[in-house]
Amino acid sequence: MLTVGVIGATGYAGAELMRLLCRHPHVGKILAGSHSYVGQPYASVYPNFHKIHEFPCQDAAIASMARQCDVVFLSLPHGIASQQVNESVLAECVIIDLGADFRLSDPLVYESWYKTVHGSPHLLKQAVYGLSELQRDKIAASRLIANPGCYTTCSILTLHPLLAESLIDSETIIIDAKSGVSGAGRSEKLGSLFCECDESIKPYGVTNHRHTPEIEEQLTLSNGKTGKPVVLTFTPHLIPMNRGILVTAYAKLNEGVRGKDIADAYARHYGNEQFIRILSQGTFPETRWVKGSNYCDIGFAVDSRTDRVVACGAIDNLVKGAAGQAVQNMNIVCALDEQAGIDAIPAFPL
Amino acid sequence: MLTVGVIGATGYAGAELMRLLCRHPHVGKILAGSHSYVGQPYASVYPNFHKIHEFPCQDAAIASMARQCDVVFLSLPHGIASQQVNESVLAECVIIDLGADFRLSDPLVYESWYKTVHGSPHLLKQAVYGLSELQRDKIAASRLIANPGCYTTCSILTLHPLLAESLIDSETIIIDAKSGVSGAGRSEKLGSLFCECDESIKPYGVTNHRHTPEIEEQLTLSNGKTGKPVVLTFTPHLIPMNRGILVTAYAKLNEGVRGKDIADAYARHYGNEQFIRILSQGTFPETRWVKGSNYCDIGFAVDSRTDRVVACGAIDNLVKGAAGQAVQNMNIVCALDEQAGIDAIPAFPL
Amino acid sequence: MLTVGVIGATGYAGAELMRLLCRHPHVGKILAGSHSYVGQPYASVYPNFHKIHEFPCQDAAIASMARQCDVVFLSLPHGIASQQVNESVLAECVIIDLGADFRLSDPLVYESWYKTVHGSPHLLKQAVYGLSELQRDKIAASRLIANPGCYTTCSILTLHPLLAESLIDSETIIIDAKSGVSGAGRSEKLGSLFCECDESIKPYGVTNHRHTPEIEEQLTLSNGKTGKPVVLTFTPHLIPMNRGILVTAYAKLNEGVRGKDIADAYARHYGNEQFIRILSQGTFPETRWVKGSNYCDIGFAVDSRTDRVVACGAIDNLVKGAAGQAVQNMNIVCALDEQAGIDAIPAFPL
Amino acid sequence: MLTVGVIGATGYAGAELMRLLCRHPHVGKILAGSHSYVGQPYASVYPNFHKIHEFPCQDAAIASMARQCDVVFLSLPHGIASQQVNESVLAECVIIDLGADFRLSDPLVYESWYKTVHGSPHLLKQAVYGLSELQRDKIAASRLIANPGCYTTCSILTLHPLLAESLIDSETIIIDAKSGVSGAGRSEKLGSLFCECDESIKPYGVTNHRHTPEIEEQLTLSNGKTGKPVVLTFTPHLIPMNRGILVTAYAKLNEGVRGKDIADAYARHYGNEQFIRILSQGTFPETRWVKGSNYCDIGFAVDSRTDRVVACGAIDNLVKGAAGQAVQNMNIVCALDEQAGIDAIPAFPL
């Protein structure tokens, strides 16, 4: 049985991790680290854990966590993880970082989008981008896993096969994404108040959302055959619901590409994937069908009037987009059944 | 491994049952019976089951189901189960009925509240009221279990210890209940449309909701010491959310009763119950902390200005209020671990 | 044309006041006072006012406002108004205070519920409780109007005729109230975040909510014939919607009282009231039918099994429960058509 | 004072029309026509009209309505209006049709998208497309006004200036639109149930939504300088909220076009428009800021990394997207103040 730690256990992603880990068949002891609630019972911060995880929140110091744990998850604001993770920490435990610090390979790109200095650029080479389905082998061999962002996971999974098989023109990609409010975290911001979000939709981070370079870097890798860097337009929107991300992606089809080619590409890449479900052509995902689960549903249609593909992906942002994929990565790196602890069926209506 | 059937698998409660049964460690084969969708893949009706339960919906005939199954769950409109269940069905399998037909011991009471003739009054004697925590032994010995209603489960669990220990005046009980919309089922009614429910609250069934006699019959049993039949006021309200029931119950305290007496009564009755969580005095349940789980959270305060107790209970109406408790009853009657398949931690935010 | 000021114009109630006043046929100039946003365009705080009210927020000093205005509305946290209002202010303008400071006639009661010293107890005698329908004449003659709380308005209007005509036992009153989240105001509190409120319901302030003494004082006045002080149980709940309050009130009927007596009482008291709509017996209000308007809808049923009445009232908490009633009171005190500027029809679906 | 009729007064758009007309300063008598509720009080179908519009629903026969009214609004499923409107009707009254039958100039295009025969193709020439801001003069001179669709209004207003001034490449337009559920109308469909919409988002009508040809026809007119027909990709999504449409439009900028050019184009076209509010560059509309009003808010940013513009428009689908614009068109055709009866300020939080 594994001993695991969660640093930042009292954010929404951290709490979802706690929930999954508490019922994971191969996890024994769980340490909950929290900057803000040290000493308070975890269940007083999240009463859903009442009678289930009654231990107090611990100091969130990474060195001590690393010594006690096989795997430590970091769920922190950007800029902190890269200051705390170092070789001696990585010698003690596997780090799965749900934040942004180790996702981009180039520290200059990181610094230009995040407006902060990267604390440990020398570690970026050993960091592996933790999109489980696309990097499974590298993840298995790594000690430092950069868990992808929520928008990113959904966007990359939706577009990867189309680029990998050169079905679309990589210069024409537009990603219009929609997210529930839990993506904004548990901080007391005006814009996250119920009355500011309920019954409204808004675009935000237009042309400058920080998940953009992450999507571009990974899709450039997918786009390997052409060698062209992918540069795209990414527009996230806030939707009045707790959970869920829907990505609607648009691109021009390369000459002669038909719907069947797209369906085949998805089947080839994801046909054996447990957590990716490809819908039949013309059927589209809805976030309700993946809510509470680690699934990513993908559907598409060809717009023959404009020679475009419209491809949509849907995930639960706190599961496949954060905590669930983090557990999936732990399973991979620990050589466990990849579905262990994250095989929940989406519930409906939820 | 058990073979189980669900008749009415395409309603909301039926779908929740399917979800729980598909991940139940002691369930092998699952038959999904549906009147409306015979022959269609179950996952086409509920795409959350895509890649998980791809079998077609079967004809919902009880006799054939009974022959193939160890346990058959009925999730049907009232009036149907009592026509279909009979001795030969009960000889073949255990019936767990999520409907109302076998909940009231007196067929005349049933007929006066449900405005229909009871189809098998002679079976009422062998039916056991399936409120797991209060009828565990009888459930274990039964072949016909009447799973309680959602409002009922929450109301009875909240008030039972107070009556059982004669702490409140049974003539003063008022239950003000609030439910999410999934309680209304998956039928295409004007009042269930999104735009008719969203951003509004309404009382309904005032003074005549059909869960009233069920609550009264069971609380009269709780009130055994005094022998007085419990007659109470019950007012349900519809709330703009998918799931969850909150019951706010009011009663006059009997002379000399204090907060500590109430806390002690709850502790004595429920201290060892896995699925009931008593909160400290003055702390109140919220439906979000039980959502997606089989838990019932209960809290209370004493209103010393008026000598009343205000006691609140919260459940997920589709889990502890329907499918979860049905599985709990299956576990009891099949002598399995009572928590098997229903030990999910509430997720938040969900 | 009137010149009016709103101190606290950037809270939710203040913004609703601004909206009503900007379209009021007898209001000319409007000054928006704000502690937090002085100098910023009002429309930058509330973009719904873009192109409509582009003036900057002013300093919120009451003395200067009073000099410039015919009527000044205060929408402030409790404890502030009573420190700022004084005789010279009242000599300059009419004050309509949407806060709690002048609602309770006894400063000791105020101090025991609000845990603060009252800043101007000598003014309480001239303050009039601004429940427009019940205090119309006094309001017309006053310079200091204490606008009622939202729960209070709805509770009192629902119960007043029943007490005034001695139809119910005043010792048995229970008020179970439900409110949308806008009642909590525009402050950045954890409990007001979207993800903490959405898809959940919670009781709060159980046995100790500050609207309790206000309801009791006014209903004691209604209960004049018996002379008995009304002491009751009041339980508010938070509902996942922006606006709306529903009050469900319970009481024992006095001997011999029938449904018709109640209907008659409502008709006698409210039959000529523009903003109160009595529904036929057995029909109940829903907040959606009053949303965006100054109406209060009231319905009831007699529970003959328990000799209780269940009476429900519904209002829009920001209109009849705050800004709308404040304008109604301005209309009364300024001898304008009472409906001027607040005659909006409820919109649906909204 | 005008006498007006609404045929289809019991749908959501019809009810919104009724609400606006009941408070319109130049409207006297209002006839509510309804196929389903003939003879029933209008307020029994929509209790928000209790005490306000108590007249019964009338037979919806257009000939009789036309004789009695100055203006008749049609709010009907497609295919009906084109069978009912004829020369003698138009001789009696002005028709403002909120449906699709007279929006497309080419009956073959209509028939290919709507899969039905057009009932009166000879009337299409005299029908005017009722996008008030763009067709004001033609509307003023017409007897048959085809009120635009909700998605259409928002899409066209957002993109018109960019095409009219040749700032974007008309072959690269993608419109990703999001709508609240009221757009689906008040019919009892499974997909419109609360539990099927709440807490989820879904794309629908992908590549084949019927508002597509309407947007294309009008934007082709905007695109007059180039003479090129506009063909675009349009993807609507359903969002869990009652009201509101947000359109996010993407297009490649023509060579050398900068943000200032776009801002100038918007200012030139809409600077004097009462109901269109252009936000400063980089600021984006949100549906909450227009809710309950006839405003259309528009914002944009230039994505310099990809040489695209991202332009967003937001409207209330039932007001500017349906009933409000219909009243605006009535005001125009009747030579009234264009804002009469529709000058409501958006309310927030609502």
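Here the chain labels run A, B, C and D in written order, and each chain numbers its own residues starting at 1.
To be clear about the criterion, contacts are C-beta pairs under 8 Å (C-beta built on N, C-alpha and C of every residue); 3 or more make two chains touch, one makes a residue touch a chain.
All of these numbers come straight from a predicted model, not from anything done at the bench.
At the interface between chain C and chain D, two copies of one sequence, more than half of the residue numbers in use are shared by both copies. Across A-B and A-C, the chain pair carrying more C-beta contacts is A-B.
Using the average of C-alpha coordinates as each chain's centre, B ends up farthest from chain D. Taking each chain's centre as the mean of its C-alpha atoms, chain B lies 38 Å from chain C. Mean C-alpha positions place chain A and chain B at a centre distance of 36 Å. Averaged C-alpha coordinates give centres for chain A and chain C that are 46 Å from one another. Shown for chain C are the residues that touch two or more other chains, namely 12, 182, 195-196, 198-199, 240-243, 286, 288, 291, 349-350. Across the interface of their complex, chain A is touched by residues 12, 181-182, 186, 188-190, 192-199, 240-242 of chain C. Per the touch definition, chain A reaches chain B in the complex via residues 12, 15-16, 19, 22-23, 46-52, 182, 199, 242-243, 274, 277, 279, 286, 288-293, 297, 343-350. Note for the complex: chain A touches chain D at residues 172, 174, 176, 178, 180, 195-196, 198-204, 206-207, 231-233, 235, 237, 239-244, 246, 248, 250, 282, 284-288, 291, 301-306, 308, 310, 312, 349-350.
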